[in-house]
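Data first, discussion second: the structure below is written as structure tokens.
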Amino acid sequence: MADSIEDLQCALDTFVDERDWAQFHTPKNLAMSVAIEAAEIMEHFQWSTGEASYTLTPEKHAEIAHEIADVLLYLMRLARTLDIDIIAAARDKLAINREKYPIEKIKGRATKYTDLD
Amino acid sequence: MADSIEDLQCALDTFVDERDWAQFHTPKNLAMSVAIEAAEIMEHFQWSTGEASYTLTPEKHAEIAHEIADVLLYLMRLARTLDIDIIAAARDKLAINREKYPIEKIKGRATKYTDLD
Amino acid sequence: MADSIEDLQCALDTFVDERDWAQFHTPKNLAMSVAIEAAEIMEHFQWSTGEASYTLTPEKHAEIAHEIADVLLYLMRLARTLDIDIIAAARDKLAINREKYPIEKIKGRATKYTDLD
Amino acid sequence: MADSIEDLQCALDTFVDERDWAQFHTPKNLAMSVAIEAAEIMEHFQWSTGEASYTLTPEKHAEIAHEIADVLLYLMRLARTLDIDIIAAARDKLAINREKYPIEKIKGRATKYTDLD
């Protein structure tokens, strides 16, 4: 069985190559693009409360799915230009976070690790 | 062969559950978190030119890999709380983009589809 | 009586000139900088609810004041490089918003103008 | 002579009061709004180089002026809800920056103060 994120990476690379867009995809521009799309996700939750943010019309839900997709696609492009394995990096970071936020100290608290005693 | 992003999703869910953090992970808060981490990626490219943004010290490279990981992890959490399949959404969006940006019209141009004639 | 924002603009221009930093202050870089600092404000409210976001320790309050200041300073630099009068632009935009959001239609609703019937 | 930013603050407060929008303007929501509008500024510079970002059509220039205005207006609302004097905060922060970035060490360099030797 093929790995779904690798398939997606291939399809994305082809999409970019066919349009000759790699020239615009500097790491700097892609970092901006990730942030721009992230803000578009936020726009959907701008005036709602935390609780209300779970309740979405099907249209809103579909729109948000596409904004999330945009962030992921630019993030994968960015990782590609810097030769970063995005899944390995995330696994790595999760291991670091496990150390930074030990269960017995942090359970049920949204405290930043720098504020832990 | 297991799918790497599914494995990561499982590990991430366990990480959150063990810390009882789902209560803080409203879609609204997660959308903010994605944007905050996206800005931390940008910070590494704030003053560089596009060309210079490819050239990174190993330390910078590692730091950026971790910031990219942070965006991915929050993005996966957000997708989870809204029951969105992030890979399917990205595949979907890519199909839409293929239509919006036909190769023969867009090749080599960074024009927005709304500006295409 | 001098105008306080003009004084601030002068002091800011001097600060930049003395450090020979105008070379880094392209509109593109300054736009990124505004967004980076905006995310640093958000970080202070990442996990709080809307109501809780009013209640800040004096230290937090001071930190947020400085992040707000950073956004303003970069925003003023950006406006300067593009020869935009920031106060006039805001007055202008407010007039446009008065038209877009007529009191009788919008009162008490956080609806986007495109969704108004 | 009246101070232009105080006039603007008054006009903005009236605009919000007339629409009964203070209820939506929690510091958290306003911090998100500043970031969302900051991203809209960035969008105008997403694919341009630093040098090219100075050259704008009159239409683009006007659009960017309005996005800058949006950031300023939300920033002023945020400062208001937290009882922060935005100009005083900026003057303060500039004084701190003068200390952090001594001219003789930093002139012509875009180095972060933490990286100064």
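The chains carry the letters A, B, C and D, assigned in the order they are written, with residues numbered from 1 in each.
Throughout what follows, contacts are C-beta pairs under 8 Å (C-beta built on N, C-alpha and C of every residue); 3 or more make two chains touch, one makes a residue touch a chain.
Values in this document were obtained by computation on a predicted structure and should not be read as measured data.
Matching C-D against the pairs in A-B, A-D or B-C identifies A-B as its interface repeat (over half of contact pairs the same by residue number). Just to note, of A-C and A-B, the chains joined by more C-beta pairs in contact are A-B.
Between chain A and chain C the centroid-to-centroid distance comes to 26 Å (mean Cα coordinates, whole Å).
Centres computed as Cα averages put chain A at a distance of 2 Å from chain B. Contact with two or more other chains is made by residues 24, 29, 32, 35, 38-39, 42, 45, 47, 49-50, 110 of chain B. Interface of chain D with chain A (complex): residues 24, 29, 32-33, 35-36, 38-40, 42-43, 45-47.
Those residues of chain D lying in contact with chain B across their complex are 32, 35, 39, 47, 49-50, 110.
Of all residues in chain B, only 1, 3-5, 8, 11-12, 15, 18-21, 23-24, 26-29, 31-32, 34-35, 38-39, 41-42, 44-45, 48-51, 53-54, 56, 61, 64-66, 68-73, 75, 78-79, 81-82, 84, 86-87, 89-94, 96-98, 101, 103, 106-108, 110 touch chain A in the complex they form.
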